[in-house]
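Here's a structure for you.
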Amino acid sequence: MQLEYFLTIAAALFCIGIFGLVTSRNAIRVLMSIELMLNAVNLNLMAFSNYLDPAGVRGQVFTVFVITIAAAEAAVGLAIVLSIYRNRDTIDMEQFNLLKW
Amino acid sequence: MLKFLKKVGDYAGEAVQAAKYIGQGLSVTFDHMQRRPVTVQYPYEKLIPSERYRGRIHFEYDKCIACEVCVRVCPINLPVVDYDFNKATKKKELKSYSIDFGVCIFCGNCVEFCPTNCLSMTEEYELASYDRHDLNFDSVALGRMPYKVTDDPMVTPLRELAYLPKGEMDPHGVPDGERRAGRRPEEILEELEGAQPHS
Amino acid sequence: MNLGEGVQLVSFGLLTALMLGSALGVVLAQSVVYSAFLLGLTFTGMAGLYLLLNADFVAAAQILVYVGAVNVLILFGVMLVNKQMAFEKVPGLALRQATTGLVCAGLFGLLTTVALTTPWMLSTTTPAGDGAIVAIAQHLFSDFLLPFEVASVLLLMALIGAIVLARRDLLMDNSATGLSDDLELKLPERPKASLSSGGEP
Amino acid sequence: MTSGIDLQGSFIRALIDLGLSPGVAKAIWIPLPLLLMLIGATIGVLVVVWLERKISAAAQQRVGPEFAGPLGTLQPVADGVKLLFKEDIIPASTDPWLFTIGPALVVIPVFLSYLIVPFGQNLNITNLGLGIFLWIALSSIAPIGLLMSGYSSNNKYSLLGGLRAAAQSISYEIPLALAVLAVVMMSNSLSTVDIVNQQTGYGILGWNLWRQPLGFLIFWIAALAECERLPFDLPEAEEELVAGYQTEYAGMRFALFYLGSYVNLTLSALLVAVLYLGGWEFPISIDWLTGLAGLDPATPWLQIITAALGILTVLFKTYLLVFLAVLLRWTVPRVRIDQLLDLGWKFLLPVALANLLLTAGLKITFPAFFGG
């Protein structure tokens, strides 16, 4: 049980998240990938909090902030996906080219 | 601002009102808990149907003159009357008669209008069967005597509320001979006859 | 190694396998509904890892917010846009995926090397444990007060923004008379049928 | 304040006296309360099911279950056995994995929540520092299971029921948490034992009910909604949705839903008793009585009586609340789905927030009464 274990897992989770973010064509799966990346970051923060600053728990405070922001992000992101779905009748990322010329 | 405060006040008032009504409802439900249960333990106990109960129709083959009045007064022309016209006697001879109790609404019109009283209502109400065609009673089935709840040794017959002795609310354990509350129909009839002897 | 450490190690291994496996499932599963449910599993595994890191409050918060709110929200999203359709073919998709995979693997290697080679200044003080709740609260209301307030404002903005975005268009005709005293947020919504027919009023 | 009877301590001490090492003694102790709680919760459910049927019957002038056992007490057992032996049906076009996991996901968090329910000073599984927060977190898992079973049933009624259940659960979680927060603020601790301890000492007068009347009402309404009890049983409203997310379920899987809903009801009632009705505290303070009688609170037999009385008190309060829930069921008609969400978001949420603010203000103004 060492700090490095947790950091490695967090790195793996982060990379999975990036892969999903780039390759997914379903807009909702992109949102899920973002959540995965945020979780990886959270795990890093928590590991640092436990091994480098166990008494101060500043990492935990930061994680709480990240969780808060993630909830807000999920709500807004889903609202955007819903309104795009209403307007374009698809959730394929390849078709979201409204701002492309 | 004042308007807003008034709105808040009205809303709070409505909430309190709602709470009051729910409280009243709760007290009603709570009050129901101390009432006597009306349950009849059905296959073991059965209520005795009243005299005017409109159950399965009984039919007497020999009385029937195949006049088909029952068919005409029936809201759905339900009874099936099959007859031959006997040229010699110039009378109809009944061949078969049937009523489908899966369709019958037990209105009693046929019984009411039958000129020879060959139809009558019985107190039989357990007509369930596994096949709905079994509900189509022919003249033999219609001619069977109805069974009586009071005759069944397996069943505890219970009197309905209106037939209980005065002051009695629970039909359990009321002796058979006990007189019901109020006057019996024949007593009313007698009284009427006594009041108007000349008619 | 005593009993407690063994239990910790085993549960660490199990949780890691569970979490990484379900995270891979989130990204690779064919059906979005499966990935949404697997996402919940990932979050739960993460909460377990937080427990191993002596942070039970954050673990419970993780369950409450991520599993209870975010994941349910995503599931709602999946079921609201539940349209069975095959995406159109795009040329060069396989190449793109392979490149992304390579880049991600490289990034993973890089991060792992950094994590393994950096000399971390490990602290030997005992973890706060149950006292962490109090410590977090003290942080929130002293040195992290500004971020705390900003986060609450952000949450409010996100709340209103999400409602405005996800709401059907409002019919503004009868509010054109100007702001009266009685103006309530009771503007009629455009019925859904007129939207799906595609006709712009 | 007596510490009461310490089962764990005495059990472990007895094992150590038998010649076992402290670690092993502790390891033997750990599963015991869990097992006891599991059995207790199940028996509690049997009692609640029987009570529900009997009280419902009484409210409708019926007799209720009568033939299975004395006064029909074995009826819930008979029901359970029947469900156990029924054929395990998985309809053809369902998703068998999700269909199986769904009910389990609904039940397991509810049983886990029993971890934090205290029946006495030391009569609980664990006195977690996280306490009531763990319950709030765990109860938020259930909607996922409901969505899962609703979706996997491949039936429009099931899907609608699952979505409704999730929406309802999320909407009422917030006022629930806010009501709990006001209590937590007064007792300065999330631990359920601390919350009860803060209410002890003055008998019935010390209960949180008098300090948090609004919070009590909010909590009770929200808890009923979380349990999907009758005024709020929209997810399974049989007139509109057949049986909601349970439509396709039969046998054991249905039994899990059934069990889960009744365990949840018992748990909610237990937590109302703990949070607002003084937990194991007798309406007249036991400490005061023993002081009046001139007895030493550390006397062993007195401690046992106090502990037994504590358990009985908690159970009595719980079943009183269950009784109220059943009575409410036959009193209040079901609300519509928009009325339900209106009630949650436009009434309970603002009121709960106002209650929280009021509690904070009162706590600063009168720290002696509202927990300084």
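Residue numbering begins at 1 within each chain, and the chains themselves are lettered A, B, C and D in the order written.
Following the convention adopted for this analysis, contacts are C-beta pairs under 8 Å (C-beta built on N, C-alpha and C of every residue); 3 or more make two chains touch, one makes a residue touch a chain.
Note that this is a predicted model, so its numbers are computed, not measured.
Set side by side, C-D and A-C show the greater C-beta contact count at A-C. Separating the CA-averaged centres of chain A and chain D is a span of 34 Å.
Per-chain Cα centroids separate chain C from chain D by 29 Å. If you average the Cα atoms of chain A and of chain C, the two centres end up 6 Å apart. If you average the Cα atoms of chain B and of chain C, the two centres end up 65 Å apart. Among all residues of chain C, those that touch two or more other chains are 57, 61, 69, 76. Under the stated contact rule, the graph of chain-to-chain touches is a line, running from one end chain to the other without closing. Every pair of chains meeting the touch criterion is listed here: A-C, B-D, C-D. On the chain D side of its complex with chain B, the touching residues are 55, 57-63, 66, 327-328, 330-332, 347.
Put simply, chain D touches chain C in their complex at residues 23, 27, 98, 128-130, 133-134, 136-138, 140-141, 143-144, 147-148, 151, 159, 163, 166-167, 170, 173, 190.
Chain C makes touch with chain A in their complex at residues 5, 8-9, 12, 16, 19-20, 23-24, 26-27, 32, 35-36, 39, 42-43, 46, 49-50, 52-55, 57-58, 61-62, 65-66, 69-70, 73-74, 76-78, 80-81, 83, 85, 87-88, 90, 96-97, 100-101, 103-105, 107-108, 111-112, 115-116, 120-123, 125-128, 132, 135-136, 139-140, 144, 147-148, 151, 154-155, 157-159, 161-163, 165-166, 195.
Chain B contributes residues 15, 22, 25-26, 28-30, 32-33, 35-39, 41 to its touches with chain D in the complex.
Interface of chain A with chain C (complex): residues 1, 3-9, 11-20, 22-26, 28-29, 31-33, 35-36, 39, 42-43, 46-47, 49-58, 60-61, 63-65, 67-76, 78-83, 85-86, 89-92, 94-95.
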